[in-house]
């Protein structure tokens, strides 16, 4: 699995967000965790940015069953993102 | 529990039937198993005969939930009885 | 496997044996009925059966469940005689490809055992012994499965 | 008791512990999900979780079940990581006064675990690995419980 890219040792974590991918999303992107900077303004801006760099991930994120969580709370709509946030994208869940 | 009554050692089992009671029926009658002779003609005649001798049992046998089985097969209606038959009366079942 | 037993049995050990080596069934549902009552009270419950007839009737109910719900396997263990508080009265286990069939079969088996298996239950409570009959709810539950 | 485990667990031993000393609950229902596949095949299944978040979400589902079905007790053990054919994926156990509540709670818990717990299942079949998503039936099953 890919290690975070573009994360020089002097990086300021307060100026970035962390993106987590689960299930088939991480297979599509080739990584599970990625630091993104500068911080995109909103969730949809983050998705656009991810889609430009990882087009197959971008397609998957657009599917209706994919949920987003910011700092472990599921969010709807297009919330603003704050520096230091952890944004997780979760495809349809399948436990049991 | 009562032992079968009126069953002298010389009795011919081919001339009698055996009655079995379960659950509250045996508590009401005071016995679980009883030889009856001579053989009553039908199931209803047997019930009448039991009711004369054990009135509380007779009342209980008249309840709709009570089932009868002849030789371990549940019967409906008023079948004839043959000598040697085993007639069981079963109150509503309650397992589990 | 259908079994009547006068002795206490351990549902966990039975479930372990029922699951062991099962690679074809995705779903095992089970139900344990426990004797309620004050800890240590004995007996709290007495179950009368009619030996082979009871066994044969439960076997018919299990065969019906297997047919209706396409079960891979079914087991019923029913305690008879006197039992103490906290002891298992009955254990039903069903194995099927998927959970829906396993659950429904378990539910069906319990409904039928409650009102259609030749067993008679006597409760020994503070007010003395009392024969139990199926409640209106038990009868309604069993009717759910009629075609 | 809610637990995620990377190691195999034995449903029978868990059921034994869950039933032990229980004199107030008349009913214990349980469900075991088993990994299907050819015996010896490993892994047949892989489950990805999100550590504390997964645990917290399953705890919410269990609390909801307790409230809705008036449970005396509930346990969920969920395997994560890679597993072999025949191994237990999940065990749900519910204790209640009567069987209806215990059964329905078990059914509810499984429906919600299938489609609302942060777990992602990858099947390793003869055709290679494949991410599993809830089926139409799974989604319909979960919708049954909505008010």
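Just so it is clear, A, B, C and D label the chains in written order, and each chain counts residues from 1 on its own.
Just so we're on the same page, contacts are C-beta pairs under 8 Å (C-beta built on N, C-alpha and C of every residue); 3 or more make two chains touch, one makes a residue touch a chain.
A quick note: this is a predicted structure, and the numbers were derived from the prediction, not measured.
Peer 1: Quick one: remove subunit D in your head and tell me the pieces the remaining chains form.
Peer 2: So the groups, subunit D excluded, read A | B, C.
Peer 1: Based only on mean CA positions, could you tell me how far subunit A sits from subunit B in angstrom?
Peer 2: Comparing mean C-alpha positions, subunit B is 77 Å from subunit A.
Peer 1: What is the distance in Å between the mean C-alpha positions of subunit A and subunit C?
Peer 2: So the centroids are 50 Å from each other.
Peer 1: How many Å are there between the centre of subunit A and the centre of subunit D, using C-alpha atoms for each centre?
Peer 2: 28
Peer 1: Report, in whole Å, the distance between the mean C-alpha point of subunit C and the mean C-alpha point of subunit D.
Peer 2: So the centre of subunit C lies 22 Å away from the centre of subunit D.
Peer 1: Can you tell me which residues of subunit C touch two or more of the remaining chains?
Peer 2: If we look for residues of subunit C contacting two or more partner chains, we find 33, 99, 110.
Peer 1: Name the residues of subunit A that each touch 2 or more other chains.
Peer 2: Residues 96.
Peer 1: Every touching chain pair, please?
Peer 2: A-D, B-C, C-D
Peer 1: Taking the complex as given, what residues does subunit A use to touch subunit D?
Peer 2: Checking each residue of subunit A against subunit D gives 20, 22-24, 27, 65, 69, 72, 88, 90-96.
Peer 1: Which residues, counting only subunit C, touch subunit D once they are in their complex?
Peer 2: 10-17, 19, 21-39, 85-86, 88, 97, 99-100, 102-103, 106-107, 110, 137, 141
Peer 1: Would you tell me which residues of subunit D are touching subunit A in their complex?
Peer 2: 33, 47-48, 50, 52-53, 56, 78, 89-90, 110, 113-122, 131-134, 138
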